[in-house]
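Across the two complexes that follow, chain A remains constant while its partner is chain B and subsequently chain C.
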Partner chain A sequence: MHTDDGQPSQASPCYTLSFKRLGELFLLLEDDGFQIIGPTLQDRAIRYERLKSPDYLVHGYVDHQKAGCYHLEKQGDLYFGYTVPQDSWRRHLQPPKETLWNVKRSPSGFDFEENSDDLQTKRVFFGVRPCELRAIEIQDQIFLKGNYVDPHYHHRRDGLFLVVVHCIRATSTCFCTSMGVQPFCSNQEDQKSHARPDLALTEIEGQFFLVRPGTHRGAQYLNRLELEEANPEDLEIETRLSQVVQRDLKRNLNLNQDHLKEIMDLQMESPYWNEVAQRCLSCANCTLVCPTCFCSTTEDLVSLDENTTERIRKWDSCFHLSHSYIHGGSVRSSVSARYRQWITHKLVTWKEQFNTEGCVGCGRCITWCPVGIDIRSEANRLRSQWRGES
Partner chain B sequence: MLKLAVWKFSSCDGCQLSLLDCEDELLLITEKIQIAYFLEASRRKMKGPYDLSLIEGSVTTSEERERALSIRKNSLLVVTIGACATAGGIQALRNFSQVNQYISQVYPRPEFIETLKESLPISHFIPVDYELRGCPISKRQLLQLISSLLVGKRPSFPTESVCAECKRKGNICVMVAHQTPCLGPVTQCGCDALCPTYRRGCYGCFGPKETPNTSSLAQWLNQESHLSPKEISHLFRSYNATSTSFQKESERWNVKPSEIYEKDKKEEDKEGKNKGGQGRPKDLKKGSGKKED
Partner chain C sequence: MATAASLPEVFRVLSRRQETQDVFTLEIAPHLAGSEKVLRFLPGQFNMLYAFGFGDVPISISGETGQVDHWIHTIRNVGSVTNGLSRLKEGDILGVRGPFGTSWPTNQNEGEEVVIVCGGLGVVPLRPLILHLEKNRARYQTIHLIYGARSPNDLLFTSELHRWAQTFQVEVTVDHAPLGWKGQVGLVTRPLKRLQTNLQRTTAFLCGPDIMMRLASQELLERGYRADKIYLSLERSMKCGVGHCGHCQLGGHLICRNGPVFQLDQVIHEMNIKEL
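Coming up: the complex of A and B.
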């Protein structure tokens, strides 16, 4: 999916897609029964919602993100000048609250009825960022590749058409390259192990897009549009754009992954955890905005007439006391234990559990932490303590 | 039939109204429940014992204290409804001052007023089986309580933060995106993130969540949102002002400027004595009410 230096691959066919032709692509997809979801402007922030046409895309905004602070500013004329918003696509693949089944009393006992609303929808995710694509891939690993397949996730995932938009800006909380993700992904054959977008777009100075197919399905749509091949000058602009974003990412604070397992293993009893617990609110925001977090809990709602019960599944977090509740109490009663569980799982034990990274470097947990706790600084602090000890 | 009693103590009636507010469900409730004592709904009073007593309001007089004891004796289950009954309510603000001063200012004949010095939650006087938080309570939680008790299931009221509900709902964070001070990260959920849904910061009417870290939030509001110590103190002093963590936090930021001066002066005198009269000038900022660990 990406090359080592993050340069877009020049080998795969690349076409020019004007804004007008983008509208035609939307129509083609809708005619085939797809519902398009993409970035919209709401509440002075970006949200992934139903997009009726490209006219509803967020135009001329850039975002400024830092630890505990998000600010959207009207500036320039780019359609994708901002980076990742608060919510990720996870909301649409693993909804925050969903009914799993209903049960009714019947003369013979109980009748169970599985909830299958909204499962078979064909949907386009338009404007998926490379880090978000990787997050979807990680969630695929969890929900689809293990011993137990989650049928609800499976149905939603099955109907997806993915359109990736490359990042031409990085905000201060971005650190995707630390986690092995590149802001530009191309369609190299040797990168088969990674999820492929159906289409990958690069916005060229707010004028038009360069588009590459990643799947046969994606290529078919481009064929139907009969687009012109991109000219070398535009490809050069694209290369420059990718260099700029790479440079910005290098300037950002990064998360060094070397020896991280060793570091975490040795620091399990460090006084550092109590120090971070003085700042951490255990409010769970970091986990609820994370595109890879997957924890859920269930709740049974009994109707007043005592005849029906609804089982609901909702997002949960390892920062909740109830998350580690077993007979007699919570295993991780202190905030320090919960923070330690979160960061060690996200950065180290996740890999042992699922054989993938747990973090994609999107920086949401940094921006949307109400008190600006930065996973990069915290990991780096653990590292410097370890250096001091060894 | 479950025999229900609804009791009013020092309160505004808003939580009892939530029960009457269950318009669609009210008929179903009355099919399953016998309303034995509920003066806001009916004049008819039935004698106890009761299966379920819902108590609204806090204890502010000695008469109320006695009444709480007798309700407990007469009820199988006692559930407090709302911030007043559960935490003392907005009227517990008087716990921070001298109630006699108010009485003489408000009433022309203060000698007729008999009141306790403090407004206290019901659980201060009697054991309580469940507590419903909020000002007012959530109708949804009330119905969940009743339906759970009817089928003999333990009701589940999550003790996590308002943020959890807010994020599930898909609200954009008012604190991070709009810089609006919000108590959501330290407040218990249950309200379905009502205020942030309407782009306002959480007022904390459901009281402190499990393991609340008020000092970290307060420090952030002071340093990053530039709230003054007085504003922070006021933020924590509302419907749940006497809940332990909220009270501590409001007190931490409530140092009056004169007190800072007094405190510094005392310290200066002390130091001066120790060092043979050579007191060093004090940095006023040091004592500006910030948390002193």
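Coming up: the complex of A and C.
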């Protein structure tokens, strides 16, 4: 589909999909039992929710994001003129709160029953950005590729229909290319990659989409629509769009990953951590908007008659004091230790734990930090401090 | 091959014994009537024990290894879940997931000397190893067992200690003792300082509070023992036991998956960083 530098390649079939035909695609998917989830407007931000038809898509908005600031503006004619929303797809694969199992008292003791409500629905994620696709792949690595599979994640992930939309704009918090992600999805046909999009779209000037299949299933839907092949002029426009977004990303602050492990390892006891702790509120916002964060805790809800117990799993955050609590107290009792845990995990130790990156460069943690702490600046500061020392 | 992180299995309490004021031992077996399930575990591994309505916690298995028909768990009542577990009586039901984690190596070090250092409840995950060494006593050279506890009343497995003292070099020390205590008082590092074993051919196994393991491994390293022959069992908060909840991180390690038993050289860097 696309070469490694993120440029669209001419080799694979590419079709033109008008907004009207997109409606037909939605109908085909719904007829096959899929529920479609995509970007919607909510509380002056974009959130991923159920889409009954393409008419519910956000239209004519661009976003402005910077450290500690998110702003949507009505402007232009694009359906995907904004970048990453507040929300991430993580919420739909690992809900913030879910019941894992129920325990009921029985004459002989008690019985455990797996909770499988809400796990059977087939779903389409419509409007997945390339960085978000990478985030899904990272979570797959944690929940599906280790020694143990999480059955709830597996049910939600299995058969998921992924529609990627390429980025034609970057906001100031975007740094995907630093983390090895391209705003135009590459290697869609790479068999090794688990999270392949079924379809990949590029929006052309608010007029229509270019669409390429990434899987056989995706190709079958396009065949059923009998779309026209894209013409060379449109492919040229697409190439130009991809160059514009690449240029914007180059201008953005980047996160240099060279020697990061060494840099962090040598500065684990640096006074820097106390300094950042003066700014950090330990509010956990960064972990809640992060598309790769996966920490969870559990809670048992007992009925009033004490005959049933519901085992709840909830999102947790390494910024909470309770995260590292063992008898006698919390291991990471200071904010400096908790911030250090978060950034070293995202950028270094994640790779040792799961053999993948922990960050996709979506920039949500920067935008939604109430005091505007920027992971790129913090990593770069540790780097310059290290240079000064070495 | 990946297996599904499953529901707890229903187990029944065969017996409950109070060991000390706050420590108790449960013997548990699968609840299903007529089931003669063989339970397997390796010394040093742990189970997630679930008390109805309270939740689950990681608890090491303290019985003899090999194929057994029941599991033994020795537990200190320190929090809400262990309090829930402490209320269980003979015949009561609990949930079990496991066993999980890495184990104490038992065959690489045959023909060598062994040093076991345990502090407080740290003797529990070491007990399956101690029982293995006792059973196969002839395969090892001198075996040293150094056991520290808060006070004489906190010592666990005292009758076994007497038995072990017949074939092992056992040294017991307590932090504070009442009048009449004739044993040692002080940290486990004190008897460690007197240790006379072959530096190259000694394997050490440590388990206890973080600070004890840090001081004991420091002492062993200073004495010239090999970091790759020192093993320790680490503890962190755990919610899942299967590498999914993120609670048991220690730098690049997930303790439920890469541990709890580590070689000292795998974790020495992390152990020396405060609040990691």
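As a convention for this text, the second predicted complex is superposed on the first by the 377 of 390 C-alpha atoms of A that agree within 3 Å, B and C clash if a C-alpha of one lies under 4 Å from a C-alpha of the other, contacts with A are read in each partner's own complex, and residues count from 1 in each chain.
Keep this in mind: contacts are C-beta pairs under 8 Å (C-beta built on N, C-alpha and C of every residue); 3 or more make two chains touch, one makes a residue touch a chain.
Source: prediction; values computed, not measured.
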First (chain B), second (chain C), both or neither touched by A:388: neither
First (chain B), second (chain C), both or neither touched by A:281: first
Partner chain(s) touched by A:232 [first = chain B, second = chain C, both, neither]: neither
Which of chain B and chain C A:44 touches, first, second, both or neither: first
First (chain B), second (chain C), both or neither touched by A:265: second
Touched partner set for A:107, first chain B, second chain C, both or neither: neither
Which of chain B and chain C A:306 touches, first, second, both or neither: both
Shared contact residues on chain A - chain B and chain C: 299-300, 302, 306, 333-334
Complex contact set, residues of chain C against chain A: 2-8, 10, 12, 31, 52-56, 76, 78-79, 92-93, 95, 235-237, 239-240, 242-247, 249, 251-254, 257, 269, 273-276
Sites on chain B touched by chain A in the complex: 25, 28-29, 32, 143-144, 146-148, 150-151, 153, 156, 158-161, 163-164, 167-173, 175-179, 182, 184-186, 199, 209-213, 215-217, 219-220, 224
Chain A - residues contacting chain B, complex: 42-45, 47, 68-72, 86-87, 91, 96-97, 277-285, 288-289, 299-306, 314-315, 317, 320-322, 333-335, 367-372
Partner chain C, residues of chain A touching it in the complex: 101, 103, 105, 108-114, 142-151, 154, 265, 268-269, 294-300, 302, 306, 309, 316, 318, 323-328, 331-334, 336-337, 341, 344-345, 348-349, 351-353
